[in-house]
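Both complexes below contain chain A, partnered by chain B and then by chain C.
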Partner chain A sequence: MKEETLDCLGEACPVPLVKTQKALEKLDVGDVLIVQIDHSCAMKNVPEWAREAGHNVEIEEVDDGEWDVVIEKVK
Partner chain B sequence: MGEATEPVGTPSSSPGIRRSGGSRSRKKKKSQIPLGLLAGVAIIAIGLVIMRESGLLAFFWFTGIAFGFILQKARFCFTASLRDPYLTGGTSLTKAVLTAFAVTSVGFWAILYGAHLAGQPLPGQGFVAPISVSTAVGATMFGIGMVIAGGCASGTLMRVGEGFLMQILALVFFVVGSLLGAASFGWWELNFIATSPRVFLPDVFGWFGAIAVQLLIIALLWIAADKFAKAKQRAGTH
Partner chain C sequence: MREKKREQYDVVVIGGGPAGLTAAIYCGRAHLSTLLIEKSLIGGLATYTNEIENYPGFPEGTTGLGLMELFHKQAKKFGVTFKLTDVKTVNLEGETKEVETFRTIYEAKTVIVASGGRPRVTKAKDEEKYLFDKGISFCATCDAAANTGKTVMVIGSGDAAIEEGTFLSKFAKEVIVSVIHDEGKMDCNEIARDAALANPKMTFIWNTVVESFEGEGHLSRVNLKNLKTGDIIPVDVDNCFEFIGYEPNTEIFVDKLPMSQRNYIITNEHMETGIPGVFACGDVREKELKQVATAVGDGAIAGVGAEKYIAETEMFENQLMQKEKVGIIYVYSAIDAPSRELLPMMQEIENAFQGQVKLNVIDQYKGKSLCERLGCDVEPMTVFYTKGGEVVETSTRCDKKSVAEALNKLVATPVEVAL
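Let's look at the complex of A and B:
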């Protein structure tokens, strides 16, 4: 199991989402991707897309207005 | 909206994904309630001061703040409502925007029809803008701009308020563009806009026909958005 961190701090929506999609494509099933975001809009569409794609998603607020979106690739 | 949204800031209760490094150290959170109360009192105090000058300005002050508050808390985004169907296949925001349009349509219709019944001049007739190719060209330009800037006008303002620094850049050019547009609007209006017809739906379909047609179109768009999302989901992710 590999774990990768994707730094999207300071990136405006939809850049985090596009980067997440690309990064996740490269990972294998079971790998974990941690997307760091600070744009409130990405807080909505990154988890929404990942859940719809069937992955496990967790959101953690690490600071005021800064989140880790943890995505486990399922398929 | 969708069941996929999770309240912000609450740790999720799902079993948990194993992470080798563990969580990043979380800063101890200060309670924001005193600050919030203070801001609330300040908003009301400023509103009362403005009200002595002009009731209308105070009304704008309160509705503006309420609008921004809802926009931020709901993570409502007009940009995403039009961009996400393409990008992710998700249309939950598209449907939310359409629902908002339907609700406001009924409200506006009621105000206009009320004025009509009372024999008063219809409010807001100056805002029935001519419809033409320039509408489509302008909308396309605005669409490209808002996707690059990461937000439409209200979204940019809201995220600047949230403290997202990059969008201050968008705000600066938003102001520059608005000023340029306002300064040269007369010329644009004379040469491109005013030559086109103004369409006011109740003139065309009658009062009840207008609201029926409008709601029907919104309903059809809503169904299309719903079907689009389901089709995208079935087709798998891209």
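Let's look at the complex of A and C:
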């Protein structure tokens, strides 16, 4: 089970979402992708998309207005 | 699958909108260990609204996100823990409640459900491109003033659609309403309908639903479809308001909490759900007005309710249901003289038993919920006898002789009580 980090700091919607989708495609089931974001708009669509796609999602607020979206690939 | 962690809290709040944040502020300030779980961005639906001008205390107006950041900051100041993930399932029965996320099971004495709602959408083509801040709004109260002099479309014909549409007409140049029904027929009440039909700024396009949305970056055109003829009617607008209802976020509470037909959680005015220790507040409740201001009120009530519930549970278990001695619990009412006058006599009996008996008294009026825990409909002048932390006898015979006799049956060394 791999863990990969995706740096999306400073990037606005929809870039983080597109990058997340691409990065997750390359991973295997059980792998974890950590997406670093600092745009609140991405906090709405990245977790929402990932959950809708059936993955497990948990978010850590690392600093004020800076988050790690932890996505565990389920299928 | 890896083993889930277990963590313990006094209060777990599900949902980080204004209601949940307010409840958490009250709990945190009461020194309860409080966890708030939010599935994405702290602030909930309020963050989808650009301008909030009717929340008191901000005469210049504020943004939804900005206001919610302040709520968040205040909750943090009172030591509230935040976890950004979604709740998979809950177990609300029993004394210890469980709230489960994909990695952790949180155990709590009380749970406050503030999971809110989401606006129902038309699901028409390209709708998602313009949601919330790019031309499709769900709240006229929030965004009406920003539409001064503009052309707006309203989708729907229920009370919310027509009343909010009428409100919008005070600002907008023109309000075009798309109604699914035949000419003249609306789902709203008749007073609202008649007022809307007589309103010179409001026009209606009957028998229509939204086919698709269009615009460069921001919405500029709504294509309606006439259900009878199949014709597509392009309408150029500045903004569009959808009032085709809300959907509560209550999927995980089905069969666990009482819900209305539309799946909103039913509570009383104390935000109690009927399951001891479980409260609900904000938009997720079956209620009339859904605003930040009302969510805050709900949240405060739920927070204080949770605090009171925890304090009472502790008092009930540690004092009333103490295990060390034989217990006598006397229920009186401060406004009922005969029951009040027996208090010194009860005290005298406790003393007569020389430390073998522990007396507790409950004022029926102030301790209503404690009485409920002992059994509903307790009248003043009721005596409960306990042993080993359990009620062994309930009686309404409060004379000195009867009480002394009952206690003598329970204590190790019976005593003679002077009558």
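The rule is short, and it goes like this: the second predicted complex is superposed on the first by the 75 of 75 C-alpha atoms of A that agree within 3 Å, B and C clash if a C-alpha of one lies under 4 Å from a C-alpha of the other, contacts with A are read in each partner's own complex, and residues count from 1 in each chain.
Definition applied: contacts are C-beta pairs under 8 Å (C-beta built on N, C-alpha and C of every residue); 3 or more make two chains touch, one makes a residue touch a chain.
Quick caveat: nothing in here was measured; it's all calculated off a predicted structure.
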item: Contacts of A:62 with chain B and chain C, given as first, second, both or neither; value: first
item: Touched partner set for A:44, first chain B, second chain C, both or neither; value: both
item: Partner chain in contact with A:34 - chain B first, chain C second, else both or neither; value: first
item: Touching partner for A:3 - first (chain B), second (chain C), both, neither; value: first
item: Partner chain in contact with A:53 - chain B first, chain C second, else both or neither; value: first
item: Touched chain A residues, chain B compared with chain C; value: B
item: Which of chain B and chain C A:14 touches, first, second, both or neither; value: first
item: Shared contact residues on chain A - chain B and chain C; value: 40, 43-44, 47-48, 51, 56, 58-61, 72
item: For the chain A and chain C complex, residues of the former touching the latter; value: 40, 43-44, 47-48, 51, 56-61, 67, 72
item: Contacting residues of chain A [partner chain B, same complex]; value: 1, 3, 10-15, 17-18, 32, 34, 38-41, 43-45, 47-49, 51-54, 56, 58-65, 68, 70, 72
item: Parts of chain C lying in touch with chain A, wherever the complex brings them together; value: 39-41, 47, 65, 82-86, 101-103
item: Contact footprint of chain A on chain B as seen in their complex; value: 2, 4-6, 8-9, 11-12, 14, 16-21, 23-24, 26-27, 29, 72, 75, 77, 79-80, 83-84, 87-90, 92, 147, 149-151, 155, 159, 162-167, 233, 237
